Amino acid sequence: MQLAKVIGTVVSTRKEDSLVGYKLLVLEVQDPGSASPHSERLVAIDTLGAGVSETVLFVRGGAARINLSSPAPIDAAVVGIVDSVDVHR
Amino acid sequence: MQLAKVIGTVVSTRKEDSLVGYKLLVLEVQDPGSASPHSERLVAIDTLGAGVSETVLFVRGGAARINLSSPAPIDAAVVGIVDSVDVHR
Amino acid sequence: MQLAKVIGTVVSTRKEDSLVGYKLLVLEVQDPGSASPHSERLVAIDTLGAGVSETVLFVRGGAARINLSSPAPIDAAVVGIVDSVDVHR
Amino acid sequence: MQLAKVIGTVVSTRKEDSLVGYKLLVLEVQDPGSASPHSERLVAIDTLGAGVSETVLFVRGGAARINLSSPAPIDAAVVGIVDSVDVHR
Amino acid sequence: MQLAKVIGTVVSTRKEDSLVGYKLLVLEVQDPGSASPHSERLVAIDTLGAGVSETVLFVRGGAARINLSSPAPIDAAVVGIVDSVDVHR
């Protein structure tokens, strides 16, 4: 699981049928406790209603398909909206 | 899930029987909202008819095998053709 | 499996129902036998009671879901608290 | 899926019983369309008879176990021998 | 699959019950045919009796759990002790 900032959205009309209805967010991975943004960006589905500029917790791989009602080709999903991160250094 | 630009195709005649019939595209990973291309390139199957120079959404790992009609050794698949990416920075 | 130092915690109230009750730790990956900290940070669940500044052993991917009592979208978990690391170089 | 050049072989006599009989190739990952070799090297099983210096298509993870006749601890497999790569840049 | 040199061991007494009895080795990933050691280090279980300074073949992910007698949260395992690596460059 990693933290990321929601920085945008993706629109795709020609896609796998099983992906219809999923909101696709552009995420920018963040290193918790670090001021500098991580360079990696990816696309994840969101079922929690996360908005642009919010910090979210997301998962990759099979974990992203655990809560799907029917099988879909998804390998990244937002699983939480973050209230606070407490880092001790 | 990540965005990528289709930059080519791969031809392989001696291959696993279960791969026969799949179109193999060369993808160049793109960072959404960034002008510079990502350095990573990979090969993915495509069942949507994506063409060279189109921007696509692809998945890795088990997600790439979710929609197969029969088991095949595939770990990357195009799952959408991208109309637009909206990044707020 | 990798070693990491626990450096913090994450609080998320709006999240997948199946994640309720899991403690979320911020981990900093460590190279065993190396003095310099690894740059990567991630979030993992913890069911062993690991505290901040402790060194832990964690897993990624499906391994993180092996011991769950019910399915949850988790891709990283602390599986041991490390007593000692013996590196011969 | 990625492209790689076969650059060698590995011999291991003390190994998991389920690995007996598999040919182990050393692969060097290649960026299609790029002249410079990728720095990553790995070991993959080969059931297609790929020879040293040939360019192959390989998969990682669970995909590498899709075509096994019995379960074996394998996470990389050659799935095709490449005839040609056509990259438009 | 990758090659690695065994460089140490990890001791963890407070851990998941299903991990009890597994030997935990510290591995340093090696690029076959390259003199310089790879920078990545990780922890893997070993059931073959590999010793410090030996070169081993290891797997990651679900492959590491293929040969377990009962489910355990493991994502890396030594699967062979390497006799020789033959690289043609």
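Each chain carries a letter (A, B, C, D and E) given by its place in the written order, and its residues are counted from 1.
Note that a contact is a pair of C-beta atoms (placed from the backbone, for glycine too) under 8 Å apart; a residue touches a chain by one contact, two chains touch by 3 or more.
Being a predicted model, the structure only gives us computed values, none of them experimental.
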Count the residue numbers both chain C and chain E use at their shared interface, divide by all numbers used there, and answer same if that is over half, different if under half.
different
So, in whole Å, the Cα centroid of chain B is separated from that of chain C by 31
So how far apart, in whole Å, are chain A and chain B when each is placed at the average of its C-alpha atoms?
19
For chain B, what residues touch not just one other chain but two or more?
61-62, 64
Indicate which of the five shapes (line, ring, star, complete, other) describes how the chains touch one another.
ring
List the ring in order: which chains come, beginning at chain B and going next to chain D?
B, D, E, C, A
Complex interface listing, chain B residues touching chain D:
7-16, 18-19, 24, 26, 39-45, 52-53, 61-62, 64-65, 71-76
Report the residues of chain D in contact with chain B in the complex, numbered from low to high.
1-3, 31-34, 48, 57, 59-64, 66-67, 77, 79-89
